């Protein structure tokens, strides 16, 4: 991915957010969205007797994919509305945590859930780091 | 749109959210997303001397379109994770308010901004009604 | 939805596409996307013994929701690249037909599939009308 | 990104598409979508006298981001409808080529357009490789 290059070549600055923290969060959101879309589909491909137990996992995976993609897009734009950015990041961190919690319950049986849960934890953490940076930036 | 029919024919219930409140919120999110995408493009088509003053409007419109679409999708699924649903709705209400505030500043000059601001206000209100319903449902 | 108002207030013209044909296609894409997201979730809520037979339906519904949303967005922008617009519309018509075919197989058992199939048929038809208009416009 | 791991842990096979070709295409679609969103925003941040010349670039970038994200999602699901998959890939290749052509016109003045054009070229190429694989698989 060319996230770092796109940040480097953007003509504007970033409203006080550290560029590496921002880059990492965009990368984790994009990776988590893909993992969640793939995990929902992998759950759907599990055997008939297992499939019903994965309903909730499929739904949360699909929600999480949507929210992470939106968050990656919002962070890729320099909207510079701190309240808007924080609200989206808070939603993303919350959804990633819910999705990680759900996927972890299936991680011992389904490796795709284990991989996806890890992507969600990293993404949640990356969102919280940007939120912390926003708070520090707003105080300047 | 067939939002009402799709809600009526869904085999599950809705975790205590009133079906009409939910329907209205999905419809407003979908309508607001389309209005915001169209308003961003209409701003981009304004004359050269006006265009630079619409940068922030284009960005917030595009963010708002993404967040409203994601919210419509999350509400169309019965994920039944109250915390997740509330977090997404709070983000959507916040973004709609920012977008309405920005569009209103251009409403007297650009009718597309006036129409879009109204769509954002309706969507923010519809999100808040579902949030209120979630709070009441959680108390049962 | 304010699709007609947003088209009316856009400062640019539409590259020779009839405004009512364009409006109808945007509206049908948006409606079809929502119906498909809701139908995928309704399928997922069907009883354990039925759920496995709906795997393909859930997947095509989700694909169709994504493609219809993207098509609505592309049509809401005046990109005026006829080849690009046609390629996206052709993909949307193809996906809508596949989704309608699949949903119709379940329509007698699941009313949500019947409603969704109708939305897909309307959307496919609306896409074909814009494609026909593009061809006529290009011939001018 | 965990694309390779998610493909490896998926319980189903891939309808005859080579797994590495599929992985590469998903990765390029995701990377191209992010680059296009960032390039549209970077264009929007260019000086007042340059901005009007970038209108078309902003629009195509935004279209391309939407189409690439949708394509990444469709490829991450095992829908196994060859006609549907091919239609989406054809649209994506077409849009990536248009976006690369447009960005290249600005590449000497704006480095973000140069980086984005390269991402679009790689994505177009990766889509065409999957299309070729679909044709070969269908002939078996």
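Going by the order they are written in, the chains are A, B, C and D; count residues from 1 in each one.
We adopt the following convention: a residue touches a chain if its C-beta (ideal position, glycine included) is under 8 Å from a C-beta of that chain, and two chains touch if they have at least 3 such contacts.
Just so we're clear, the structure is a prediction, and the values are computed from it rather than from any experiment.
Using the average of C-alpha coordinates as each chain's centre, A ends up farthest from chain C. Separating the CA-averaged centres of chain C and chain D is a span of 21 Å. Annotation for chain D: residues 41, 45, 59, 62, 69, 73, 77-78 touch two or more other chains.
Interchain contacts join each chain to each other chain, per the touch definition above.
For chain B in complex with chain C, the residues that touch the partner chain are 1-3, 5-7, 9-12, 26-27, 30-31, 34-35, 37-39, 41-42, 45-47, 65, 69, 72-73, 76-78, 110-112, 115-116, 118-119.
Note for the complex: chain B touches chain A at residues 56, 59-60, 62-63, 66-67, 69-70, 73-74, 77-81, 83-84, 87-88, 90-91, 94-95, 98. Partner chain A is touched in their complex by these residues of chain C: 41, 44-45, 48, 51-52, 55, 58-59, 62.
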